[in-house]
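One structure, as structure tokens, below. Some questions next.
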Amino acid sequence: MIRILVTGGTFDKTYDEIRGVLSFRETHLPQMLQLGRSRVDVSIQPLMMMDSLDMTDAHRARIVRGCAECAESRIVVTHGTDTMVDTAAAIAGASRQDAVLASKTVVLTGAMIPYAFGSSDGLFNLGSALSFAQVLPRGVYIAMNGQHFEWDKVRKNRDAGVFEPL
Amino acid sequence: MIRILVTGGTFDKTYDEIRGVLSFRETHLPQMLQLGRSRVDVSIQPLMMMDSLDMTDAHRARIVRGCAECAESRIVVTHGTDTMVDTAAAIAGASRQDAVLASKTVVLTGAMIPYAFGSSDGLFNLGSALSFAQVLPRGVYIAMNGQHFEWDKVRKNRDAGVFEPL
Amino acid sequence: MIRILVTGGTFDKTYDEIRGVLSFRETHLPQMLQLGRSRVDVSIQPLMMMDSLDMTDAHRARIVRGCAECAESRIVVTHGTDTMVDTAAAIAGASRQDAVLASKTVVLTGAMIPYAFGSSDGLFNLGSALSFAQVLPRGVYIAMNGQHFEWDKVRKNRDAGVFEPL
Amino acid sequence: MIRILVTGGTFDKTYDEIRGVLSFRETHLPQMLQLGRSRVDVSIQPLMMMDSLDMTDAHRARIVRGCAECAESRIVVTHGTDTMVDTAAAIAGASRQDAVLASKTVVLTGAMIPYAFGSSDGLFNLGSALSFAQVLPRGVYIAMNGQHFEWDKVRKNRDAGVFEPL
């Protein structure tokens, strides 16, 4: 079984038609899994719904705790792309002093285009992240653009909008 | 690098608006990879564009040859779901007498809903299959519904429209 | 108030993922009107769900009756494109002996691509037909491709997939 | 022939995936008309690409000029919904001193959801506005939610996100 920790990010941005701005409401994860006809046994846990640029250390501590405390040993974290690498580093850092957390496989993923748009990369990334989470050995990874990276061997190229190896 | 062998299937069915029927034209794989912002190094090779119910032994032999002869050792085959298991068995059978083929990782995938429809599972499955193909050891697999199965441990449940373990 | 008579056609074709074919289930009209944020006062009446190539005189008689008997004087008929002109002629023919029917504005419309596909012309045509139905004088019309035609001054060009003036 | 004056608004908002915000690039009008299989003879003229909340009197003067100076007597203006009524009033006001402008049919329309999202009301509204523009007599109108209103008999209900009669 896989735990999916939801933190928001572009993945879950939606268009507020009354105010004319992007905002967060409920997560789209259940309908994305339904659209993908997923039969992976998952447990979805929304932790927060926010832009990753607004995340503080306290938010990251909550994500780390979510990874450490859940019963599952395989975890997908949906996350804004801008600070995804920072959160991955925080989880990996905490793993050094937490043998249980260190034994888990944690895969962070996100999207460049909101799922609520017709043309999102979110469904592709979700299929990819769920698959990597099932087969990769213990460790903290980022799954974007169909690829996976160990947490300390990747950076987001903000000009190109892609993740690339360090 | 991953070789993608295209054989058609629901993945690539499109709506012929002049005749009002489902048909095949060109593969949607390139635009699906673009939509997914994929940065996986792939080589797309269309072998045939057909409904898998119409496949003969000759078609399957051609797919086996495509897997055996390509330079890549990691392969994704897009395929209709109805006889996907049969083709997987044909590839696995040929592997017994072909050491090179036996050393490869072959992942078959498909879709229940055409990609050209707005609500396809195809993008999810493609992200999943490409990911499994990068990390699974040698063997022939089916990647559907976010899961992966060894070729001889799966069947399509036609009533439910899902793949399930034997 | 506008009566919407639903007869099927490409408008309402959907993809049967278990059998892998196009089929009819329930009409998409309510969700199309919701998507369009329509505030037009309508009453939706499904008469049949069929390909217009399969329509017989009996089916057309039922559509004529639906137009004649409803309380509304402004009517939109959703219809397959292949025999839309024939049904329009049947309604116009019946109008000659039915003063009530002759006093009504009837607009037939349809789609070249099923609404269930992401890229349908259906929503455009529905917005167009509902608008023409509100302002055109009594008569029987076809609204397709953003245009409107009197029933006896139009034909479907099947090679091009468009409606054009006679 | 119909002139389409493009001014931006939610209709044409797009998602900037590098910066993660809504922005304007080129108008989607040509691809919307293509999606709708429109065969209406139109001439598309982008005047500005902006949020209607940012429009000044100078912008409105430019739209009035665009309506007055074009050769066509039937005009559709795509416009943000928040100040659509103000611009309609500006055009109607200028008509009092411009006999040519007063002889034209001008229909303003917009969208609550960006077309670039999969679930926009834009295509419905465009089909509606183009249709009203072909058949309504001289005057300045707003076409939203499948309805049409004379410019001085409508207001936007910002809480509900709909246009309603005064």
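For clarity, chains are labelled A, B, C and D in written order, and residue numbers in each chain start from 1.
Going forward, a contact is a pair of C-beta atoms (placed from the backbone, for glycine too) under 8 Å apart; a residue touches a chain by one contact, two chains touch by 3 or more.
It should be emphasised that the depicted structure is a prediction, and the values quoted were computed from it without experimental measurement.
Engineer: From chain C, which chain is the farthest off, judged by mean CA positions?
Structural biologist: A
Engineer: Starting from the mean Cα coordinates of chain B and chain D, work out the distance between those two points in Å.
Structural biologist: That pair's centroid distance is 46 Å.
Engineer: So, what's the distance in Å between the C-alpha centres of chain D and chain A?
Structural biologist: About 39 Å separates the centre of chain A from that of chain D.
Engineer: Between chain A and chain B, what is the gap in Å from one C-alpha centre to the other?
Structural biologist: 27
Engineer: If you look at chain B, which of its residues touch at least two other chains?
Structural biologist: Only 112, 118-119, 161 qualify.
Engineer: So how do the chains connect up here, line, ring, star, complete, or something else (other)?
Structural biologist: Contact pattern: a closed ring, each chain touching exactly two others.
Engineer: So, with touch as defined above, which chain pairs make the list?
Structural biologist: Contacting pairs: A-B, A-D, B-C, C-D.
Engineer: In their shared complex, at which residues does chain A touch chain B?
Structural biologist: Where chain A meets chain B, its residues are 32-33, 35-40, 112, 118-121, 123-132, 134-136, 143-148, 161-164.
Engineer: Within their complex, state which residues of chain D touch chain A.
Structural biologist: Per the stated touch rule, the residues are 10, 15, 17-18, 20-22, 51, 82, 112-114, 116-119, 158-159, 161.
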